[in-house]
Amino acid sequence: MSKFRLDEVDLQILDMLIDNTRIPFTDIAKKLLISAGTVHVRVKKMEDQGIIMGSSLSLDYEKLGYSFIAYVGVFLNNTSQTKFVLERINEIPYVTVAHVTTGKFNIFCKIRAKDTKHAKDVIFMVDDIEGVYRTETMISLEESINDKKRLMHTIFRELED
Amino acid sequence: MSKFRLDEVDLQILDMLIDNTRIPFTDIAKKLLISAGTVHVRVKKMEDQGIIMGSSLSLDYEKLGYSFIAYVGVFLNNTSQTKFVLERINEIPYVTVAHVTTGKFNIFCKIRAKDTKHAKDVIFMVDDIEGVYRTETMISLEESINDKKRLMHTIFRELED
Amino acid sequence: MSKFRLDEVDLQILDMLIDNTRIPFTDIAKKLLISAGTVHVRVKKMEDQGIIMGSSLSLDYEKLGYSFIAYVGVFLNNTSQTKFVLERINEIPYVTVAHVTTGKFNIFCKIRAKDTKHAKDVIFMVDDIEGVYRTETMISLEESINDKKRLMHTIFRELED
Amino acid sequence: MSKFRLDEVDLQILDMLIDNTRIPFTDIAKKLLISAGTVHVRVKKMEDQGIIMGSSLSLDYEKLGYSFIAYVGVFLNNTSQTKFVLERINEIPYVTVAHVTTGKFNIFCKIRAKDTKHAKDVIFMVDDIEGVYRTETMISLEESINDKKRLMHTIFRELED
Amino acid sequence: MSKFRLDEVDLQILDMLIDNTRIPFTDIAKKLLISAGTVHVRVKKMEDQGIIMGSSLSLDYEKLGYSFIAYVGVFLNNTSQTKFVLERINEIPYVTVAHVTTGKFNIFCKIRAKDTKHAKDVIFMVDDIEGVYRTETMISLEESINDKKRLMHTIFRELED
Amino acid sequence: MSKFRLDEVDLQILDMLIDNTRIPFTDIAKKLLISAGTVHVRVKKMEDQGIIMGSSLSLDYEKLGYSFIAYVGVFLNNTSQTKFVLERINEIPYVTVAHVTTGKFNIFCKIRAKDTKHAKDVIFMVDDIEGVYRTETMISLEESINDKKRLMHTIFRELED
Amino acid sequence: MSKFRLDEVDLQILDMLIDNTRIPFTDIAKKLLISAGTVHVRVKKMEDQGIIMGSSLSLDYEKLGYSFIAYVGVFLNNTSQTKFVLERINEIPYVTVAHVTTGKFNIFCKIRAKDTKHAKDVIFMVDDIEGVYRTETMISLEESINDKKRLMHTIFRELED
Amino acid sequence: MSKFRLDEVDLQILDMLIDNTRIPFTDIAKKLLISAGTVHVRVKKMEDQGIIMGSSLSLDYEKLGYSFIAYVGVFLNNTSQTKFVLERINEIPYVTVAHVTTGKFNIFCKIRAKDTKHAKDVIFMVDDIEGVYRTETMISLEESINDKKRLMHTIFRELED
């Protein structure tokens, strides 16, 4: 599937960016004993190839008043409505993740809300989309792990082998 | 719950960082007509308060050979093992998210793997943890939405009101 | 099943007490054109017969910080443990109702908690009781009806017929 | 969430009212070494603030011929009908509690009936409401706990700390 | 509920009829040291009171080519159709028992058929009734107990006490 | 499967016995224009072949105080215990039918009891059998059909063709 | 059910063909000490009787890029559509097996696809058939056994006894 | 995934073998206007590469007395027993297919049996394997499609493109 080759320098750059997306290129260059220009070229190349798609800020949702997380399974009247419903779901900012899934649900979403009352409002927004037949909600009592960095480091170690 | 106050400048800085975590502070300063030093102070303050927890790189997992996503529901023999099992799960890099949940599962995880065969290996790693009684897996056919930015912008608009 | 007879006066007294348990007996007496002593005797008789079991205050739990309601289904390792587990559940004040039920659960409880985090603690208290095999939780998004008065009035109207 | 302050005297008054809603204010006054007028003022204040919402009589339903308790899960055709259906359910006196819930049901009710035949009639009343798609019933074999007093005392002890 | 009284003679007669519905009244009379006329009178009385509703032959269905037994759970579009659907089910002779039930099904039936193919035809007959939404079938691998006599003897022993 | 031949006379005799097991052989003989001896010989033959296994009385359980019917699904710890558990179930007279089944249950029983409380006792008897892991109960709100006669007549009409 | 007789020679021929459908008749003849003509006659007879229905090639699907196997349970709007839907399913070459089943599904299919994305397309093809209400998919992590030869040899050993 | 190249001649040979595994190589040669030796070389090559794994006879199981098909879902005590249990299942010839699966089951099998009684025996064989916790069975009422040829032709058409 991987239709490109990353060399060891690329992987070392990625390893550093994963830990801190805001690290200056000069710092990376110093650590890898290469020029900042090379770092720039390599990062640009990985962005053009679509490997690096961007970066995102990690905020403490609890401190911002959004401590309620739930998973909502969506049943559709008909699978042909999947695309249309996903577009409507995409208009609800409280839905942060959505998958087309196998098993009992057609679509499976993750939502963040302020509290039980707000969660009810968000779930009702999803329920009210045309083509949505029913939803089932599973509530998170605690988000114990939310960390892609371990996976990214593992992937790069595998690519280096 | 929010035990601090963010003013409009804080929120505008956050709004810009959400879209591009690597944006130079001088660019932010220019746009907001404030000094780069002020940007630095404000970001530092929000990091110290724990509102900004860091940033993470967005990679194209498919291009890196990790196109398989699944949700794994975990049943424990006994709820008192929750903490122990979560620590073991945390050692499996292919698990990127884990929640303690209500409903039928004790723990609910998201995994990323290379293909069906690799997914089987990852699921078996979870299954083999002491205290895990059974698991049930739901496979993603397509990750249609994975975007926290819309939520972050919404939260800041609400805080501004 | 009803091994006693309530006459019309009894039922009228009950009807008034249902609406206001603190109504003075003299007020009841005045409305029914009987003596306060008769009211006293009748209420005493119904207490002795066990029809009136007491009275309870209705507080606004939300205002007291207890806005989280959930139903918890309990699976036991063995039905013979039902009595023992109910005694342990009875020691958890956050459980306000518990039933032995048919269907998939052995015991079915209603709990009130402060928030998601507190609910998790309460559910874990139930889960940790010896003999409890697993629990499944259903969260209330809104308590829309909680009113026994309509039923009580209906029962008395039926008894009068 | 609690937008008011209860002092120790308020909590002691509540503690006594919880155990016996009919206790004369003079008795409370004597025990707390305050005037009956003060008791009256405090109770009035808590009623005005909406903390005390009223009181309800506890009757022995079994002795009154209502020994059958069931929980009825309601599936709606569409979530937008929730409010309408709850209004119809509110007209059935045999439904004493109703919640909007997460999980598989849209609405979850508690009913009391005379016997199996009567329960069937009540369930059919719910089933016949426009917008109700299906119901699922779980029958109580025994109501082992139904006691809010323990919770109330616990809440007040917490507020005192 | 039992609105009549059976004396010991009635119960002894029933006990004998349960074991052999074809036993001549003269044999019963001889054993109980009463006249055959008395037996006749008592049986007539119990038939008139509706206690004895008739008798049924026990055939070996396996020997008659009907060895396939299944339980079919029926979901209706709407509970108001229950009576209508039961009338249609009653026209299918292969359905020997049908209940209105709590839980996930609206109606629950027992069917007897010749083999898998015939069972499919019978299930499709039920499925094709107007108002039937879906059915779920559970197949019997062995009918291990089918015996009302033990219950009847137990009931009479209880009535004698 | 049917290893014997029933001629038209046999089937006509069976048809009459199904409607009334107590019909005198002389009445059957008269209607079929054959001798009572022939009827006797034929019935004896069908009893010896095991086609006629006996007869059972139909009582009105409701009038006898047994108005509660439930289906109990039994999960075993291990399928090898099936025979042992069925023998224990056979000692409980309130269980009138039991099947080894496919699907989620190992054994599926029908019970009759006096009321909810008694049903709880019977279910607990089943639950307490060694090797029984859990039970799930579905309660009948109404036994709408319980009639083997239609099936028997259908079988005989088929055999005549 | 078997309305024909296979003698020992037939069974020995079948036993050899099962292991290798391409074995020359002269080889079979030599091993069984009969003429090749006899082998030919016997095989022809078994083909005419419909016992031998043909033969099929066993390919390594994984090597051909079809490593994804899933089971898809199909719910229909109405059972009367079964035949129509099966005809539509039969036009999808990726469905290799389909059954009309008892239990929760109306139709149960086995599909082979290239990968998760292709599987999604195939499942959507099934979902889009008129009359299909919903589908549920269970994914194979490994096809551990796919071997009819053991069964065939067992059947023939039984027929020889 | 496909680590080899099939040319058009290979694919045309496969297309013919799929329809009739017993077709003589000389017939294939004649149709493709190539020598029989070439056919032989090509088939040999595809066997050596493991693309052609063999061939299997298609028998009419119904005519051989094996008309009962069921799918058996197996729950294990622990996933680490998967390999051991599959080896035991492999010793039961009535199991023709077995998968390690996602979802509620650990292993999912297809069985063929003579009738309900025989199916019960086969299911009990699976249930009795050490490490098997429970099984759930879904019975086929009709095998409507069992045809890999359509898929094979489709695969080859795709490879030709």
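Some observations on this one:
As written, the chains take the letters A, B, C, D, E, F, G and H, and residue 1 is the first residue of each chain.
What we mean here is this: a residue touches a chain if its C-beta (ideal position, glycine included) is under 8 Å from a C-beta of that chain, and two chains touch if they have at least 3 such contacts.
Only a predicted model underlies this, so the values are computations on that prediction, with no experimental measurement involved.
Common neighbours of chain E and chain H, by the contact definition above: F, G. Fitting chain A to chain D on Cα positions gives a rotation angle of 90°, stated in steps of 5. A straight line joining the Cα centres of chain B and chain D is 39 Å long.
In whole angstrom, the spacing between the mean C-alpha positions of chain A and chain F is 60. Centre-to-centre separation of chain E and chain G, using mean CA positions: 43 Å. Among all residues of chain E, those that touch two or more other chains are 67, 100, 102-103, 119-120, 123, 137-142.
Across the complex, chain C meets chain D through its residues 1-4, 14, 17-18, 20-22, 49-60, 62-67, 69, 71, 86, 89-90, 93-103, 105, 107-109, 112, 138-155, 159. Chain C meets chain B in the complex at residues 70, 120, 123-124, 127-128, 134-139.
Residues 75, 78-80, 82, 100, 102-104, 106 of chain F are the ones touching chain H in the complex.
The part of chain B that touches chain G in the complex is made up of residues 67-68, 115-117, 119-120, 123, 137, 139-142.
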